[in-house]
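To keep things simple, chains are lettered A, B, C and D as they appear, and every chain counts its residues starting from 1.
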Amino acid sequence: MNRLAIELPGLSLKNPIIPASGCFGFGKEYAQLYDLSQLGAIMIKATTPETRLGNPTPRVAETPAGMLNAIGLQNPGLKKVMENELTWLEQYEVPIIANVAGYTTEDYVTVAEAISKAPNVHALELNISCPNVKQGGITFGTDPFVAEELTRAVKAVSSVPVYMKLSPNVTDIVEIAKAVEAGGADGITMINTLLGMRLDTKTGRPVIANVTGGLSGPAIKPVALRMVYDVAKHVSIPIIGMGGISTIDDVIDFLSAGASAVAVGTANFVDPFICPTLIEQLPQKLDELGFETVADLVGRSHRL
Amino acid sequence: MIRQQQMQVVQQKVIATNIFELTLTGQLVLDMKQPGQFVHLRVSDQMEPLLRRPISISSIDEATLEFTMIYRADGRGTTLLSEKKPGDQVDVLGPLGNGFPDDKIEAGQKALLVGGGIGVPPLYELSKRLVEKGVQPIHVLGFQSEDVVFYEKQFQELGDTHIVTADGSYGSTGFVTNVLEMLDDDFEVYYSCGPTLMLAALEKMYPEKQGYLSFEQRMGCGIGACFACVCDTTEKIDADYVKVCSDGPVFPSGVVRV
Amino acid sequence: MNRLAIELPGLSLKNPIIPASGCFGFGKEYAQLYDLSQLGAIMIKATTPETRLGNPTPRVAETPAGMLNAIGLQNPGLKKVMENELTWLEQYEVPIIANVAGYTTEDYVTVAEAISKAPNVHALELNISCPNVKQGGITFGTDPFVAEELTRAVKAVSSVPVYMKLSPNVTDIVEIAKAVEAGGADGITMINTLLGMRLDTKTGRPVIANVTGGLSGPAIKPVALRMVYDVAKHVSIPIIGMGGISTIDDVIDFLSAGASAVAVGTANFVDPFICPTLIEQLPQKLDELGFETVADLVGRSHRL
Amino acid sequence: MIRQQQMQVVQQKVIATNIFELTLTGQLVLDMKQPGQFVHLRVSDQMEPLLRRPISISSIDEATLEFTMIYRADGRGTTLLSEKKPGDQVDVLGPLGNGFPDDKIEAGQKALLVGGGIGVPPLYELSKRLVEKGVQPIHVLGFQSEDVVFYEKQFQELGDTHIVTADGSYGSTGFVTNVLEMLDDDFEVYYSCGPTLMLAALEKMYPEKQGYLSFEQRMGCGIGACFACVCDTTEKIDADYVKVCSDGPVFPSGVVRV
């Protein structure tokens, strides 16, 4: 038996460690460094119906224990992602979670319907929360009604289970979580980035060309953990947790708070080997804590 | 191959006001193939400052497994880096990117190397390799003022070296372009690293010449995965954009829209 | 002329540096370290109608570049604050901004009416956003209608200008800011803490006895700065900005984003002399940036 | 007076598994008046880890302007602290709080000093002062296991010293209370620092004796301003609560509700 295995809708994960969308491209770069088949799954970069060139640069800025980004969903578009990226990824024994983005329900439906047919795409992750894109986007993730309708629309066309990726920039994240559950979501991934800003102190100008950006990294971990904990209390679909994970203790904390698996974003930039390292450290940590399997650990904070 | 390695500080030296020369040693040096490549450094084991810092490789010594960087201690990260002492470890990811090609020019020909400020360092290894090959380098190096001039002697040992400072406190006064206007253009290839405005001026000045320019962008991953460091391109190439970290930092002139 | 001076409703500040509420008690402890008359103003600890003993301990936990707190508004109550604390503070030449908290509109009205009559209280700061207190509190700051009504009620009884302290735990902070402006607020202070959580990795239990706490410190600066920038664009009443300020550059950034003065919270714990240090560093920083006065710098990011 | 000072590391020594003895020097030592007071240390100039760490003063030497702390390197902050080398600076805020009063006992009388694990250090300076005064100290020191026992010899030089380990790997087996049950209670005052459960057990054991107990709480400011470190009180005192940092960390027995 594999102690690290986790079963989720559409996903038989050999371990709960998944690189987060946008922080791992389509895997090619990290494949130079290690064998991608080690990973629990891969969340690929957001895919939109057409090619997108994203925002002007600078697109990233460092902040205390965190970073801002405003990449602007740059991606080659649905067709090229399917033809080049997903096909290339087939050489690895790793389920792909396709991150889907768009500005209208039709965008999401178009991408979801097509990409969910790729043989190695085992689940979709709907990025309804990216704070970087000026039109649309933001509303899907902040209005429970809209979020529910979108879930329903995508569920109707997707060939694989659908995970909704929640935005933390809301008054009540539990309300949104319940809405997507009601809309038929198979799971939730959370959190996306917090909206933030950095100024160049000398000039007074925003460092990020897009003015604001999404805050990620260790700085946001307390917010992410609180949201996962709260949502886990109120929904029964599984959660993939993320936000600031960079150590094995962080992984344990998110699992304890109720996530069934975790995604690692910004930490890949600090330590490109972080995902295999966490996978390697996990069994010993389970031993230390006295848990036989990862599944046993999930949600333990709610059972104390 | 890109590797991540804890490398050891051999030497850390102030060579001009706030300008440091840092020599590290480790096996990773054996993978450094081209002048103009860079490394991505973690300056602290703590979570702040968080991101790695990209710094150019300024010279490589395979025999001793040492390589040297030259950097300005300016913000939080580079200031922490400047506090490292011999024996300390530095977490290095590299070598990254594509450097200056030295196969575009032949023995006996002349090469023009133009550096601006903290863009000067990668030209040093380049110049050494060109000289080794029998190429004759001409160096035009621009700095802000006398107190931040560095490596004049080292470059002079390799070939003609012109120093220019913006405030005229050393060498000629003005920008590198002021010096270039007065030089012959009997060189085969030009290579440059420095502020984008300088690179743009060079492209304009030598539209007919083959040139290789090293660009800077804010970086996340440093290996091509995050799309932080893209630049717009011209019609000269097919791609809509290039990434400084993995497609560059050195591009043929005319490729990046400046 | 004093280059650092700032004029705000009710407040003639000799400089824009103010210790934040809850991070400076009622000044007595820091008075052992330096002369409080140096400060622009003092935001005293939240005052409620009656004595409150607050939450169980542990009440604080460290997080990456930040901290969580769930003090739970512990304070001696209105009567004792007025008799002991405010009277004691009269020996200093420093305007007091009284932080007012409660669970009902009546609570706020009671405290506001009485405390605004203290001779050294020059303004009120309404803590409508403290995330630590289980009943009430949270709603005042997250619903624009409620926030507006509360503003109006307090304005009706207060003898001094009223500043509303906004919660960052909302989908749209500009909406709340506009509501309190419509309700007659004289100014805005922002931001209070972000709701967060830390788990003890060994046991899986929340470190904070109250389960969740308020996140403060450098980690939240990007979020705070973005909110100040956004609100400054949309309201015309002045803003006192805070959230993660710990260096002189942070002060400049908040002023640039549109704050007329700043409050310093968590940084007092790291460096108890931070407020006088920042005041001392400010003139030189103005010189470096080429500004004659602090007032000239306010909002410069919006004028570029 | 409370001061903030950059103090210099004189010595850093491992004295048991993960237990470090750190000696700092600086003028601030002159303000240290009482055993049982503590200092609040910044372990890094960076923003992570952010908060100061409270550590007890374990001995004070006014003549050399040195003081010593003993701590366990456990979490991020104390691990960083353990990496400081002689000559490095440490940012110290202190001395803080109220320590063990030594005026409650007279020459010729006996005092019982009970320490648990990392609560042992402040008892050392206390014992030295009691001995100086002519008081006869009895030390009962509990540890987890042999590898984390420290300062046995130092305490023995000052008076009777009983070591007890939870796993029985050194000294007697069990808790300090197991040893105490076998000792006479002909002491005047008891002083203790250690886990709260141990302090509670002592209060129960010696309801008639005068005792002084040192408590721990998570801290923010360390000086009484933030209300992070409060403890509930008993009817014995008027106040509804006390703050460990500024009212304590040492309280007379019976004051803090345990």
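The rule is short, and it goes like this: a contact is a pair of C-beta atoms (placed from the backbone, for glycine too) under 8 Å apart; a residue touches a chain by one contact, two chains touch by 3 or more.
All figures in this text were calculated on a predicted structure; none of them were measured in a lab.
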item: If a chain touches chain A and chain B alike, it appears here; value: C, D
item: Result of counting contacting C-beta pairs for B-C and C-D, higher pair; value: C-D
item: Centre distance in Å when chain C and chain D are each reduced to the mean of their C-alpha atoms; value: 36
item: Distance from chain D to chain A - Cα centre to Cα centre, in angstrom; value: 47
item: Chain A and chain C: spacing of chain centres that average the CA atoms, whole Å; value: 34
item: Contacts with two or more other chains, residues of chain D listed in rising order; value: 47-49
item: Contacts with 2+ other chains: residues of chain C; value: 63-66, 217-218
item: Chain contact graph, described as a line, ring, star, complete graph or other shape; value: complete
item: Contact set on chain D toward chain B in their complex; value: 44, 46-49, 80
item: Residue numbers on chain A that touch chain D, as the complex places them; value: 64-65, 218
item: Of chain C, residues touching chain D in the complex; value: 22-25, 28-30, 32-33, 45, 51, 53-54, 57-67, 69, 71, 74, 217-218, 246, 266, 268-273
item: Touching residues on chain D, where the partner in the complex is chain C; value: 1-2, 4, 42, 47-52, 93, 217-231, 240-241, 246
item: Chain A contact footprint on chain D (complex, rising order); value: 47-48
